[in-house]
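Pasting the structures in now, so scroll down.
What follows is a pair of complexes built around chain A, which joins chain B in one and chain C in the other.
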Partner chain A sequence: MSKRVLFYSALIIFMIIAPYVFPAFKTQLATIWLMIIVAMTWDMTGGQMGYNSLGNITFYGTGMYVAAIVTIGMVYDVGEYTNAFGGKIYEFTDGQYFTGLIIGCLAAGLVCSVTAVIIGYITFGLRGPYFAIGTLGVAIAAGELVSNWDWVGGGQGIALPIYPGDYDVGKDVFYFLFAGTGVVLFLFSKWLYSTRFGAAINAIRDDEEKAEAMGIHTLQYKLATWAIAAFFVGVAGGISAFQLIHFEPLESAYQTINLGIFMVVCVLLGGKGTLWGPVVGAILFHVFKEVTWNYLLGWQWVALGVLIVVTVVYFQGGVVGWLMQKRPEWFGVRRAADDTSVDEAS
Partner chain B sequence: MEQFLANFGLLIEFPIVNLKIILDGVMIGALFALAAYGLALVWGVMNVKNLAQGDFVIAGGYVCWWLVEFGLPPLLGVPIAFIVMAGVGWVIYLLIIRPILDRDLFTTLLATFGLAIIMAQLLNLMFGSDTQTVDLGYDTLYFMDGFIDVPIAKLMGVLMAATLALGVIIFMKYSRMGQAIRATAQDARAARVMGINTDRVYAFTWSLNAAICGAAGAIIVMVWVIQPFYGITHSVRSFVIVTAAGLGNLPGVIAAGLGIGALEQYGAHIFGIGYQQAIAVILLLLVLIYRLVQQRRVRQSLQ
Partner chain C sequence: MTHVIEVKNVSKAYGGVAANTDISLQVRKGTITGLIGPNGSGKTTLFNSIVGYHPIDSGSILFEGQEISKLPVQKIARLGLLRTFQQTRIYGQMSGIDNMLISLPHRKMNFLDAFGRNGKEEHERAESLLEFVGLYEKRFLRAGSLSFGQQKLLEFAMALMNEPSTLLLDEPTAGINPTLINGLIDRLRRANEEFGITLFVIEHNMRVIMNMAEHIYCLAHGQLLAEGAPSEIQSNQRVIDAYLGAH
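After this line comes the complex of A and B, so read on.
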């Protein structure tokens, strides 16, 4: 018990002081939190429910756009704003900026949830690989359509106002927004996986036909899970939109082959279907990515592809899965030999 | 929107435009069908959904383009691309595909996706990101007062694709290996019992697929353009074709390939070339939804 409290308090303290201890890496740390959020949400459907989506990036991009449109739309006409790209200067007061930030991100989450239910209603009939291909198709199509939609800036994207206060304080704000969302998501999933709901989606993963036969309304559970995941991805996308300031549809919003695949690799690297796996995987993956980006310039994508292939082909249990095999007692699994005090950390 | 309608009106006003679009689409669709046939092969025999299919195509195209840069005749590039890609495919099979053969389907999807990234990036590093093409230097035929233009190069492409497809079909039907592949596709366990070395069959199927794609790419570089990152669109097209036609349905694959080619040309005509990738993907979604509705109907009738 005390060990667990110590562990979690150490993590929380580290989380709070990290941006001040490593001031040069504030944006990187914020990105790690972003990776943790998207990896955990992917694991909700992919790991816990067994539906491997390749299209969760749709909600990230949609979240970005919704947050931007809400923020701009509360003050100016969106079409004029995007058409005047760089030509006319639009001012935002501090109040307008922060209401936009909060309402925009929440609206992004809600719109993404609704989108998830609509897309899910169509695609959840698809089983196995068809689901992955179908959702990948949704993501690519969404990006292409948005990049041809002039009202939201077309292929040029949207530029949001810059953080009104001090530049460094702005970095802290975005770090803590991401970190806060991440912590809320972690606690929420920890609670969710321990409820009947968690048991139900695990049953869907293990055998959907039997789950249905047991009286679980599988479609409702699947839609609800995806809507929850989409909400958090949407919020993360909204925060990213404000952090990036300017974004465009194909490379930064609906970045299918970047973040859309990274989140899956993070989960596989960390361990699919475990609570800690996505977190560990996201951190490891981001560190690997930044190291290769800095030291293997030009070959970074090849290195990343190799990482994906090696993880998928040779190391699929992931770090946490491997630890679970080696040290089951860390995860509250009793061994027949030593069933003394068991710590229920998982 | 008005632009789209105007483009659509053009089709009705000048029916001859339809003929040109269909002809263009069918000529390029023949090559899509070739790559899709390779996908149907590995999908049916090994149950691997290969997302790197398009990158095999592009790699084959670069082999041909590279040889032409060295002064070899372009038509020789097709068989050489076939052989080179067969070798590349064999190596890829040993390194990546064999360990995941008995894993779940998502694993194969993701592993081949990683492979697609590696191949596209390696091609980009080796040859640069410019679009490349090989000019065969043939004339263009004109029909109907110059309304319809048919480059001889494209006709040659269709001819070569047909020859290759015919060769593969005859091989599958009459050779020992072809029979072994078909036996493995029907029931891998029974095939093993009958003394077929399924591991060799899988390796052969995979590299045959890579070779077919390579040859298709070598033809595509002569009649169209290639670029390291065009692979994913070709993969999506192959998936559309195979999903629409179903496995083991060769006439269906050919018909779907030609149909996709024509539909894409129509889409590009009405909505503009910027939507080309979106059209391929939306077609995939439509096909998937159609299959889903079909499945639901089957499920209902079973109840």
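After this line comes the complex of A and C, so read on.
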């Protein structure tokens, strides 16, 4: 037990001091947290519930737009703001900025949850690869729709006000917003997977027909899981919107071929259906991506392809899945011979 | 009310194939009722119709006096009418004990209960039922790594965990080691007598079903061929012909 406390304390301390130890990498570290958030939420449906969504990026994009619209809408008319083309200067006070940041990100999460329930109600009739393609279609359609919607800036996207204080402090703020969301998400997932809810979505993953035949409210669980995942992706999208300052629909908001696929690769790399897998995978993936994008420029997509193929063919359980096989005792996997009390299960 | 399940004039066709034609039968409360018939005679189709797995073409199905032929699978299961599968279905990546715990009766749960954890009582019940089917030693193993026969026993234990009032068993002894079959018959009987669960059993093993059931229905070519006590069925010439291929 004390070992575990030590381990988690070390991680928390590292999380807090990281941006000050590596001041040149503040934005990179924030992006790692973003990857952790999208990977963990993807794993909720993909790994724990067996529904491989390629459309979670919808919530990232929607989160960005909702946060921006809420922030702008509280002060100005959104349509005028997005169509001003520099013809008029729009000022935001510090108070307006921070209110927008907080309320905007929370609203982004809530709107995405509701969106997930609506989309899920339609798409959860699809199984296996059909669900993946169906949700991918939703993401692409969402991007195209938004890019043709002039009120939110159309293909031009939206520019948010820049961080009102010191530029470097701003980087810290975004780092800690992402990190805080990530830690909350991790603790929430750890708790969720230990409840009956976690067992029910695992049952849906292993055999949905059996789960139905046993009377489990499968649709309710599926919708709730996706709504939870969408909430966190939406919040992360909202933070990203403020961090990026300017974003447009197809390349940065509804970026199906980048972040939309990266989150899946992170999970596959780290280990599907495990608590730590998405975290480990997100860190490894982001480091791999930055290294190849810097030193193998021109070949970076090839290197990424090789990584995906090697993972899928040789390490299907991912890093954490492989470790679980080698060192099951680290993960509290019990054998029949052990006679531990039932209350300790976690 | 003496009849738990009442099937009235049920027909079901898959395209041009009539899997069930005009079938009527009753399962009496608290009994063990058998359903036999050669392969492809429509037994599993009838089970699937009863539990709402697919819509029926015509007829009606009552469970405890309530029409269920239009209800979805989950709702029927929550009424307390449960089935096991011919191709055994368990949650392969979860441990035996987790398979049991997720099989708790969901009819008693509201949505917020899902966010609770299972307490000592539930764990004890799961363990005692695993003990009942002889899987206690293997409770922490991944269910998918159990043998087919053990998975079959686990599936039976999961069904009991759900506290059904009626259980439809699709070939419970298929794939089980002959020496274990006697033990399984004994457990099915005890489930019936001690837990008061009505059993409706599809079975190919004549020794098993003749020993266990009070009343047997025989299907052939999707139609009800014969019904009666085991002794009557055994001496029924049409049943013998159906099994020996005289049709």
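Things to note:
Operating definition for what follows: the second predicted complex is superposed on the first by the 333 of 346 C-alpha atoms of A that agree within 3 Å, B and C clash if a C-alpha of one lies under 4 Å from a C-alpha of the other, contacts with A are read in each partner's own complex, and residues count from 1 in each chain.
Criterion: a residue touches a chain if its C-beta (ideal position, glycine included) is under 8 Å from a C-beta of that chain, and two chains touch if they have at least 3 such contacts.
Fair warning: this is a prediction, and the values are worked out from it, not measured in the lab.
In the superposition on chain A, A:E209 makes contact with chain C only, not with chain B. By the document's definition of touching, of the two partners only chain C reaches A:A199; chain B does not.
Once chain A of one complex is fitted onto chain A of the other, the partner contacts of A:G298 are limited to chain B, with no touch recorded for chain C. In the superposed pair of complexes, A:Y221 makes contact with chain C only, with no contact to chain B. Residue contacts after overlaying the shared chain place A:G271 against neither chain B nor chain C. By the document's definition of touching, of the two partners only chain B reaches A:G125; chain C does not.
In the superposition on chain A, no chain A position is in contact with chain B in one complex as well as with chain C in the other. Residue ranges on chain A touching chain B, taken from their complex, read 52, 54, 122-123, 125-126, 128-130, 132-134, 137-138, 140-141, 144-145, 148, 257, 261, 264-265, 268, 298-299, 301-302, 304-309, 312-314, 316. In the complex of the two chains, the chain B residues touching chain A come out as 49, 96, 99-100, 103-111, 113-118, 121-122, 125, 232, 236, 239, 243, 274-275, 277-278, 281-282, 284-285, 288-289, 291-292, 295-296.
Looking at the complex, you find that chain A touches chain C at residues 192, 194-197, 199-200, 202-203, 205-207, 209-218, 220-221, 224, 273, 333-336, 338, 342-343.
Of all residues in chain C, those touching chain A in their complex are 51, 53, 73-74, 77-78, 82-83, 85, 89-95, 98, 101-107, 109, 111, 113-118, 120, 123, 137-141, 158, 162.
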